[in-house]
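Please go over the structures that come below.
What follows is chain A paired twice: with chain B in the first complex and chain C in the second.
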Partner chain A sequence: MIKAKKQRNKGYYGYLFIMPFFIIFAVFELYPIAYTFYLSFHKWDGLMPSTYTGLNNFNRLIHDKIFFLTIKNTFRIWICNFIPQMLVAMILSALFTFNKIRGMSFFRAVYYLPNLITAASVGLLFNLLFNGDKSVINHILIALGVKGAPFNFFQNKVFVSGLVSYIQWWMWFGYTTIIVMAGITTIDSSVYDAALVDGATKFQTYRYITLPLIRKTIIYLTITSIIGGMQLFDVPATMTNGSGDPMKSVLTTSMYIYNQGFKSHNYGYASMVSVGLFLIIAVLSIFALQTMQKKESEND
Partner chain B sequence: MTDKFKSYFSKISLYLFLVILLLLSLIPFYLMIINGTHKSFDIVTKLNLFPGHNLSENYETLQSHVNIWQGFLNSLCIAVPFTILSGYFGALTAYGFAKYHFPGEKILFSIVLASMMLPPQLSIIGFYQLNLKLKLLNSYFPFILPGIANATTVFFMRGMIEQGIPDSIMEAARLEGCSEFKIFNRIVLPCVMPGVATMCIFNFVSCWNNYLGPLIIMTESKKYTLPVMIAMIKGLYLSNYGAMYLAIAISIVPIIIVYAFCSKFIINGLTAGSEK
Partner chain C sequence: MKKVLLFVLMVFCFVIPLTVYAEEVNTDLSGTLEVWSSGEELGRFVEAFNKQYPNIKVNITVVPNADFVAKITPTLASGQGAPDIFTGESDYVKYLVNIGYWDDLRADPYNCEKYTDDVWDYVKSVGTDSTGAIRALSWQAAPGSIIYRRDMAKDVLGTDDPAELAKLLNSNEAMLDVAAKFKEKGIKMFASWKDIMNMQFSNRAQPWVVDGKLVIDDSMLSFMDMAKTIVENGYDLNVDPWAPEWTAAVESDDTFCYVLPTWGYQFVVKPAAKKTLGKWGLTEGPVPYVKGGTWLGIYKGSQKKDLAWAFLKFVTLDSEAQQNYAKQYGEYVSLKSADMALAEGPGEEVLAGQNLFAFYNEEMKKIPNDLMTPYDGQINNAFLSNTQAYATGALDKDAAIKQFKEDVATAYPDLIVE
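Right, the complex of A and B next:
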C-alpha cells in the first residue's frame, strides 16, 4: 500500500521535472514552426494584420526560378564539401586507427578547431583574405610567381561557390573525423585479428570490415549534414555581404528566406519558401536513409 | 633495404599529409592575427608574414568606430545564462525521464529526440512574429530561455543518469526524508556534474556563435551580439583593413585560448556523446 503510493508520487514528480522543457519547447520551437506554416498561406508585411491568400504563395513558389536556383546552389555547396569531408575523415580515421602516430591527439585537436569558431567571423575573414586585387591571398600568389595573379576571385561564380564549399569542408572535416573514429573504437578489436590472420590487407580490412560496422555512424553524419548543410546561412551571407553574388551563385535558400522576409518584408512568401525547403530537406534525408539502409541489407 | 626505404617513405608521406592539413587548419588564423598588427596601407601594398607594430593604432581605430566590447558583453549576457539553464534543466529533464515512470513517457521522450532533428533556421519567420507579439524584440530572453529546452543535453544526460545513479541512492535519501526535488539538487546533480560541464561547453559555443537569430531580433545597434557586429563591420563601420582583421581576431582568439586549455576535455565529450 505504502509502496504503491510512493510509486504514484514518483510518477507525478516525473511530469513536474520534464514540464519546463515542454513549456519552453512549445513556445519557442513548436509555435514558430506552426506559425511559419500558417503564415505560408497568408500575406503579411510585418505591420498590418496578415490576410489569407490561399495557394498564391505556393503557386509563386513553384514558378520561382530564384527559389530553385537557391536550392541548386545550396545543394551544390553541400555536396562539394560533404564528399571531400567524408573522404578525408575516412582516410584520417584509417591512418589514426592502423598506425601509431605521434601527436595523434594534437593533430586531431587542431583539425577540430575551425568547427568551434564563429561562422560569421569566418565568412568575413575569408572575404578579407581573398577579395580584391590587393588581398592577402593575391599578395601570396604574386610572391609565389603564380601566372595571372592577382585574380579577381569574387567575380568568378565557380570560385566563390568553391570557396564556400572549401570553408564548410575546413570547418567540418575535423568533427567528422572525430565522430568516425568514435564509431571505430566501439568495434571489438578481435574482429580485426581474425581478418589479419586470414591475410587481409589493411585496406581490405578497413573497406570490408570497419566501414560496414560503422554504417550507423555514417548514416547519422550524412543525415545531420544534410539538415545542417541545406540550411547554410552564416558563411555565404557574411562572405558576400548578404547578396550571394556574383550572379547569385552562393545565394542559399536560407539567405533567400532572410532577404524575402527581413529585407523585402514578404513574410508570408518567406514562410512558404521555408516550408518548401523543409520538404526538400525531408525528402533528401529520407532518400539518403533508405539508400544507405538498403545497402546495409544487401551486404548482409 | 628497399623495404626499409619503402616504409620510411610511406611514413614521411603520411606525416606530410597530416602536416598539410594542420597548416590548412591554422593558416587563416595566423594571417588574421598577423594582419591585425599591420597598417591598412601595408596590408594592401605588400605581403605580411610576420607581426607588425600597428596593433595599438588598429585598436584605437576600431574603438573609435565601433564598441566591440559592447558586442562582447551582449554575447556574454546571452550565452552565460543560456548555458546555465541548458545544463540545469537538461539534467533535470533527463532525470525525470531516466528515473521516473509515468504514462506517455515514451512518446514524450521521442518528441525530445525528434526535436533534435528539427531544422531551426526554417522557423525564423514564426520566431520573429512570436517575439514581436511578446514584445521581446531587442531582448536577451528569446535566446536565453530556449536553454531550458535543449534536447541534445537531455539525450546525453539521460544516458548518464540511467547508468551512473543507482535507484538505491534515491531510496536511501527518501527514507531520510529528503524531498524529490532535493534529491535531484543535492545528490543527482553533483554526481553528473562532469557530464553537465561537457554539454555546457558545447551549448556555450553554439549560443556564442549564433548569428541569424540575433540578426533578426536585435534591431538596435547597442544590442548587437558579437557575430552580428562582426558581420556588419566591413563597409558599415570600418574601411581600415588592420582594424577589421583585429575585430575578427577579438571575436575568435578567446575561443582559441579556451580551446587550447581544454581541447582534450572537449574532444572526449564529443566522442562520448557520439557513442550513444
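Right, the complex of A and C next:
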C-alpha cells in the first residue's frame, strides 16, 4: 500500500518536469492555431469586433484562383529545389563517407555556410545581382559580349521561379548533406565489413545497405522540407519587394496570407488561407510518409 | 559702444515678444512620451523640442514603413503597449484616419483649430476623416516636381530655365517627345517610369474608390500606354524606384530626371549629389501633383495626452520649429508661414541657387483635391504590377485591366469591381 503511494508521487514529478514545454506549447502554439481556426470562420479587420460569417471564407477559398496559383507556385519552387538538394546531398555524403577526401570538414563547413545567412538578405542580394540593365550579372554578360544582353531577368517568370528554387537549394543542400552524413555514421560498420567480404562494390553497398538504413533520416528530411518549403516566404518576398512578380510567378501562399492579413486587413480570410495551407501540408506530409513507409515494408 | 547697446536693445525687442508668445506653453511638463514612427526624420525634431520642454523624454521607435500597419493594428486592438503618438504614411494614412484610433484634435484638450489656419489645406484634408474630425497633422507637405539635370537640359534642349522647361513638358505627349530627343544623345529621360505614377495619381478626376466602387480613371488607362512607350523605347533605366541603380542615377551622366515630389529632392538627390552639385533644377510637369508625407496623430487611449499634444504641436504647428528644421534638412514643411518665410531665404546649392520653397509654394497653390483613399497602397501596387505586364508585352491591355480588377477584388472583396 505504502509502496504504491510512493510510486504515484514519483509520477507527479515527471509531469512537473515536462510541464514547461506543454505550457509554452499551449500558449505559443496551440492557442494561436486554435484561434486561427476560430478566425477562419469570421470576418475581422484586426480592430473592430469580429463577426461570424459561417462558410463564407471557405466558399471564397475553394473558388479563389490566386490561392490555387500560390499553392502551385510554392509546390513548384519546393519540388525544383528538393529533388536536386536530395541528389546532391546523397552524392556528397557518399563521397565524404566512403573516401578520404582532403579538407572534407572544410568543404562541409563551406557547403553549410549559406544556411547561416538570413534568408531575407539572401533575397536582397540576388535582387542586386540580377535586377536592372546595369546589374552585376548584366555587366558581366555585356563584358563577355553575350548576344542580347542586358537581359530583363526579372520580367521572366521561369527565370525568377527558377532563381528562387536555386537559392533555396543553395541555402539548404549543406544542411541536408550533414543530416544524411549523420544518418550514415549511425550504421554499424560490421554491416559494411560483411558486404565487403561478400564482394559488394561501392555502389552496391550504397544502394543496398546505406540507402535502406538511412530511410528514416530521409523521411525526416522530406517531411520537414515539405513543411518548411510550403511555408516559403522570406526569399521570394524580399527578392520581389513582396509582390511575387512578374505576374505572381513567385507569389507563395505565405506571401498571399501576409498580403491578405496585414495589407488588406482581411484577417478572417487570411486565417482561412492558413487553414487551407495547413490541410495541404498535412495531406502532402501524410502522402510522403505513406509512400516511403510502404516502400520500406516492401523491402522488408 | 553705442552700436553694441543698440544691438542689445534690438535683440531684446526681438526676444521679448517671443517670450510673451511662448508663455502659453507649459514648459514644466515632464514624463516619457512613446512615439512610433515609420521613418527616422521625426527624431530630428527632438533636440529642438527638448530645448523648450527639457523634462519630456521622447522615445521614438522606428517601425519600417512596409510593416507599420502590420505592427500597429494588433497593438491598437489589444491596447497593450500602444504608443502615445503614431505616424501614418500617405499609402495608408487614410485607413488610420478612418479607423478612429487617433483622437479628434479639434476637441479638448487640443483645440487644434486655433492654429490650423496656417496649415496647407491639403495636409489638413488628408488628416480629416469622413465626419470632419481632424485626426492627424503633418510637418511635411509633398507637392510634386520634375527634378532634372540642368547641364543635360542645356545640351539637348537648349535651355535649363525651369519656366522654359515646364513649357516643353506640358503634356504627356510632350514629355515623350522630349524623351526621344534625349534618347538620340544616349540619355535616359526618366529614372523609372513608375515614378511618373506619382504625378498621374493627381491627374485623375476621381479617387480609386467612390461609394465602395472601384473607379479606373481614363487618365490611368492612357498612362498605361505611356508606360508602354517608355519601356519599349528604353526611355528609362528599366529598374524599380529605390533600386540601387535608380538611386545611383543622381550621379550618372545618362539620366535626365526624377519625377518625384519634395521628398525625392530631400532623400534621393540632395544627399547623393556630389559631382552633380549645382547641376540640378526643379520644374513642373503636365500635372501639378502631390504624393507622400507622414502624418502624426495621438492615440485615443494615451495616458499622456498633454505631453503628446506638446510634441505634436511643436512638430506640426510651430512655424519657428519647422523653419529651423527645414533650413537644416531642405525639407518642404506643412505650415504656410514657414514655407513663405523660407522662400525669401537663400537657394539651394545643389539646385544652382534655386529656392525650393519658392518653387513648391507655387505648386501648392495648384494641386488638386485630396484624392486619397484607405485602399491606395494595395491598389497602386496592383496597378503598377499589371501596367508593367502590359508595358513589357506579357499581357495585352484588356487582359492587364482585367487582371488589375481581379487583383483589387482579391485584396478588397468588399469593394464592387465591375
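Definition applied: the second predicted complex is superposed on the first by the 277 of 300 C-alpha atoms of A that agree within 3 Å, B and C clash if a C-alpha of one lies under 4 Å from a C-alpha of the other, contacts with A are read in each partner's own complex, and residues count from 1 in each chain.
Following the convention adopted for this analysis, a contact is a pair of C-beta atoms (placed from the backbone, for glycine too) under 8 Å apart; a residue touches a chain by one contact, two chains touch by 3 or more.
The model shown is predicted, which means the values in this text are computed figures rather than measured ones.
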When chain B and chain C are modelled together on chain A, clash or fit: clash
Quick one: is A:264 in contact with chain B, with chain C, with both, or with neither? Answer first, second, both or neither. second
Touching A:39 in the superposition: chain B (first), chain C (second), both, neither? first
Partner chain in contact with A:29 - chain B first, chain C second, else both or neither: first
Looking at the overlay, does A:79 come into contact with chain B only (first), chain C only (second), both, or neither? neither
Just to be sure I read the superposition right, which of the two partners does A:113 touch: chain B = first, chain C = second, or both, or neither? first
Pick one for A:60: touches chain B only (first), chain C only (second), both, or neither. second
Contacts for A:278 in the overlay, against chain B (first) and chain C (second): which applies, first, second, both or neither? first
In the superposed arrangement, which partner chain does A:17 touch: chain B (first), chain C (second), both, or neither? first
Please indicate which partner A:241 is in contact with in the superposed arrangement: first for chain B, second for chain C, both, or neither. both
Which of the two, chain B or chain C, is in touch with more residues of chain A? B
Shared chain A surface residues [contacts with chain B and with chain C]: 46, 127-128, 132, 134, 241, 258, 261-262
Chain B residues touching chain A in their complex are 14-15, 17-18, 21-22, 24-26, 28, 31-32, 35, 43-48, 89, 92-93, 95-97, 99-103, 105, 108, 111-112, 115, 117-130, 132, 142, 145-146, 148-149, 154, 174, 180-181, 184, 205, 208-209, 211-212, 215-216, 226-228, 230-231, 233-235, 241, 244-245, 248, 251-252, 255-256, 259, 263-264, 266-267, 270-271, 274-275
Listed in rising order, the residues of chain C that touch chain A in the complex are 66-67, 69-70, 73-74, 76-77, 95, 99, 101, 237-240, 243-245, 377-378, 381, 385, 388-389, 392, 394-395, 406, 410-413
For chain A, which residues are in contact with chain C within the complex? 46-47, 60, 64-66, 127-128, 131-135, 152, 155, 241-243, 245-247, 258-266, 269
Given the complex, residues on chain A that touch chain B span 6-7, 9-18, 20-25, 27-29, 31-37, 39, 46, 88, 92, 95, 99, 101, 105, 107-114, 116-129, 132, 134, 136, 139-140, 142-143, 170, 173-175, 178-179, 181-183, 185-186, 217, 220, 223, 227, 230-231, 233-234, 237-238, 241, 254, 257-258, 261-262, 267, 270-271, 274-275, 277-278, 281
